[in-house]
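Two complexes come next, and they have one chain in common, chain A, joined by chain B in the first and chain C in the second.
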Partner chain A sequence: MSEKIKDSLFKIWIILSTLLMFTVVIYIFGYIFKNGIASINMEFIFGDPKGIPIGSEGGIFPAIIGSLFLMIIACIFASILAISTAVYTVFYCRFKKIESIIHLIVQCMAGTPSIILGLFGYTLLVLYLGLGRSLLSAGLTLGIMIFPYIEVRVEKTLREIDKSIVESSYVLGISKAYTIFKLILPICKKDIISAITLAGGFAMGAAAPIILTGAVIFAPIPKSLSSPVMALPFHLYILTGEGISLEKAYGTALVLIMILLIINIISVVLNMRGREHS
Partner chain B sequence: MKNIGEKIFKFIMKFLTLFSMLLLAFIVIFIFKESIVFFKEVPILKFISGKTWNPLGSPDDLSILPIILGTAYVSFVGIIIALPIGVGSAVVLSSYTGDKMKRFIRGIVDVLAGIPSVVYGFIGLLVLVKFFEVKFSFSSGESVLAGGIILSIMMLPYIISTCDESMEKVYKEYAQYSNALGVSKSYMIRKIVIPESRRSILASIVLALGRGMGETMAVMMVIGNAPIMPKLLKKCQTIPSLIALEMGMAEVGSLHYHSLFAAGFILMLILFIINIFLYFIKKRMDI
Partner chain C sequence: MDILTTNNLSVSYGNRKVLKDLSMNIMENKITAIIGPSGCGKSTLLTTLNLMIEENGGNFTGKIFFKDKDILSYEKDEIRRRIGMVFQKPTPFPFSIYKNLTYAPKYYGIKDRLKLNSIVEDTLRKVGLFDEINHDINTKATKLSGGQQQRLCIGRALTVEPEVLLLDEPCSQLDFKNTANIEDMLLKLSRDYTIVIVTHNLSQAKRISDYTAFILDGELIEYGETEEIFTNPKDNRTKEYIEGIYG
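Entry: the complex of A and B
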């Protein structure tokens, strides 16, 4: 085959694949938007699910609130662990070996399928610790799921900091803890928050870990950490899987991706501002 | 006083890091502990080599070879579809676009990665499965192929972002020389950028494989969930979907319950191997 033909084939290949990717994204959003917009109204967003079987009429308000609660719990739990781990690896860990072991473990956690985390949450939190199928169990399970994502991004930000600032602070006799709190974390604040929001969106969309640990077909807005919750992804799964109401399923999918899109945009905006600042 | 504060802070950081690391150990221990009960009844080799899965029958009927094969099959179909598209897009993204366009495309890729798996499953069920049933008049559109296509869309962002990073590096390194020599851009990409990025392409394949094998919701909604030997156009079952579907029905403490943990344990082992492999590929990539 002559080089010219190879060259054109190559160009056709890369253009087609990029176009295909764009088409898929546009199609997914277009499809959900087109079909879902009709079922969005005040009652759908702010009402409780009604009808027999439940969910065939009414709204999804408890699921929206449930999902937000789950996201908040997961984010708090995961970010405490993730930021500590990142700070430890970057500023305290003196041995290269320990550092690479930590990286390997984090990577293995990131690679653990969400359903395995669900199983784990089910045995440890729901059965052994007796938390039951609840907001807390589901939130913590989601927290374990997003921990590696936050850790990796926070660690990357911490490493990108200008070393000379940190060194100068040490030289002035300022303690490590003080430097971290007053100097380093404020510099990376926006990047860290951006990482947490992005991971929060990821937690919100996950259904597999919460099927076993706390999501239920119908529950009112959770009053305490030990009450079961509704969640948007699980609700969507039930509506389609059980064939309850296609129209409501489209609406739920639209609400879910809209919330996630907003979270994504917030994260991107924060990230950009952070970049400009530094 | 200051010193004590410093020490406490260091201790807290150390403790929380240790705790996070132990989480993985906890996950392994708990899954293993629940599955060991099952492995005492049914030997592990029999479990992964037998061909029937019937939780209502005798313990001998609990084995998951078709399900393991199904898990692998769906992921391979996904990778075969996603790899050319992903690498092609990564080439465009890394070498043919300006800064603004780059940011835009990366944003699109992030959006694709941010769509929840349950939404992919939903669309797969309503569009893809229906399409197979109507256009090709399959008796059931739920198939390995449908699962593979949906997975390929979900794998795209991983493949694109892994390849794009190293391709951009290679491209920047050689662009000036090849321009100076008057070599055409596409020739240079074909002969230098793609071959030089083969390691990251491999990394992206392994990453996507891991993602695909662990994917639950999207796959579960489109493959039909029948524990039979997988064929491209027939229904099949994957380990994650098996667990998600049957855990709710299995009585706590029953053999069925423990067998699901055992299936999870096998899945976890497969994924650990994949991830350790990936870790070493990535490590060598950096040097």
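Entry: the complex of A and C
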């Protein structure tokens, strides 16, 4: 076979793969949109779930708010730890060995199945620490899940900073801590926020970690960190799993997917603006 | 009077020796040029003088005295404040000009807005940027031209009121006009500051420096008044280097 034919076959293969993936994504969106749009109305978005069994009528407002709360808690918890870890590995860790151990741990965490994280959260947070099945337990478990994603991206951003800019701060006699807080983190701010929002979207869509740690079939909007909480992915799972209402399930899926889409778009926009400036 | 003295200074990165037994006195409020071929250890000498060498994984033996006191008896941060440094490539922080110039003063506890403003204005005047930027101190520093960026970086180094200024080939990436600008500025600054400048450009050394040191393969070959070095070099290697570039 001549190189030319190989080249064009390869080209066709790449184009077909891309098209196939696009079609799948568009099909999923289209299918959910087509089936879910019928149940979307003001009552569905801003109402409480009603009916017997519960969820067969009414809305999903507590689940939307619950999911947002879970995302916020997970993001706060995970980003504090992830940024600290990244700063440590890039600016403080002097031994290659410790650095590679940290990387190994982070990779293992990223590879841990989310249902296992759910079980871990249940044992440690719910039972051992006595936090109960609550917004806090579920949020922290989600935080553990997204920690590695934030850490990896923040670490990459920190490594990409021009070393001579960091050194220009040191040669002014300025301490490392001030350099990190006033120079490095502000420079990376946009990339870091984009990493956090993306991970937040991931946390919001996860059902497995929260099944055992805090998500319930019905609860009002949580009043405190120790209240149990409704969440969109779990609600979706119950609606379909228990065969309560397929129509409402599609509606819930549509709402979830739209929120995730918005979060992803925000993240991409932030990231693009971050590039412009650097 | 000498402000910085090195005594049998040797510097190495791991097993690689970069500077060997270097002893020289740097005179206060004078411009000292350090010349020599690439890789001879000029920049290493600068980074040793403000102890940045340790940050880069090198170490030194021998003694360095700053104002007649062993440099190691000072806090590292204090040495770096009093011995400022500017790199070859302009490294403005990607913030506004104002923020670039107040970054360090704020660290040293200056919070008063009027005081900060006057530091910014004084500094911009010192480095000749004040009129060029049209009072627009909120412009992003990365939007300035290369020469302006480098002058801003020199200004930033001045905001912490150093006594010595180390410059590592500050003009190597600039055109003729910007180079002339910076040279004028350094001549003015040398009334108040001690300046040590590493340069590839022999005519630059000749134009602005009072003293010149020639380093070759990590050894100080010759050190003395610039005029003397360029018109009447004692060592043959110095002569060859100077003539080689001209011829």
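The rule we apply is simple: the second predicted complex is superposed on the first by the 263 of 278 C-alpha atoms of A that agree within 3 Å, B and C clash if a C-alpha of one lies under 4 Å from a C-alpha of the other, contacts with A are read in each partner's own complex, and residues count from 1 in each chain.
Here, contacts are C-beta pairs under 8 Å (C-beta built on N, C-alpha and C of every residue); 3 or more make two chains touch, one makes a residue touch a chain.
As the structure is a computational prediction, the values presented were derived from the model and not from experiment.
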Report task. Following the overlay on chain A, give me a clash-or-fit verdict for chain B and chain C. Result -> fit
Query raised in the report: Which of the two partners, first being chain B and second being chain C, lies in contact with A:I150: first, second, both, or neither?
Result: neither
Requested in this report: In the overlay, answer first, second, both or neither for which of chain B and chain C A:I165 touches.
Outcome: second
Query raised in the report: Does chain C touch more residues of chain A than chain B does, or is it the other way round?
Result: B
Query raised in the report: What is the contact status of A:L140 with respect to chain B (first) and chain C (second): first, second, both, or neither?
Result: neither
Report task. Determine, under the contact definition given at the top, whether A:S84 touches first (chain B), second (chain C), both, or neither. Result -> first
Requested in this report: Would you check which partner chain A:S175 touches, where first means chain B only, second means chain C only, and both and neither mean what they say?
Outcome: both
Report task. Quick one: classify A:I184 as touching chain B (first), chain C (second), both or neither. Result -> neither
Query raised in the report: For the superposed model, what is the least distance in angstrom between any CA atom of chain B and any CA atom of chain C?
Result: 9
Query raised in the report: Which parts of chain A are in contact with chain B and also with chain C?
Result: 175
Report task. Would you tell me which residues of chain A are touching chain B in their complex? Result -> 3, 6-7, 10-11, 13-18, 20-22, 24-25, 28, 31-32, 80-82, 84-85, 87-89, 92, 100-105, 107-120, 122-124, 127, 144, 147, 151, 175-177, 180, 198, 201-202, 204-208, 211-212, 233-234, 236-237, 240-241, 246, 249, 253, 256-257, 260-261, 264, 268
Query - In the complex with chain A, residue positions of chain B that touch it - result: 2-3, 5-6, 9-10, 12-14, 16-17, 19-21, 23-24, 26-27, 30-31, 33-34, 84-89, 91-93, 96, 105, 107-112, 114-119, 121-123, 125-127, 153, 156, 160, 184, 186-187, 189-190, 210, 213-217, 221, 240, 243-244, 247-248, 252, 260-261, 264, 267-268, 271-272, 274-276, 278-279, 283
Requested in this report: Give every residue of chain A touching chain C within the complex, in rising order.
Outcome: 162, 164-165, 167-175, 178, 182-183, 186-187, 277-278
Query - Complex contacts: residues of chain C adjacent to chain A - result: 50, 52, 55, 77-82, 84-85, 87, 89, 91, 93-95, 103-104, 106-107, 153, 156-157, 159-160
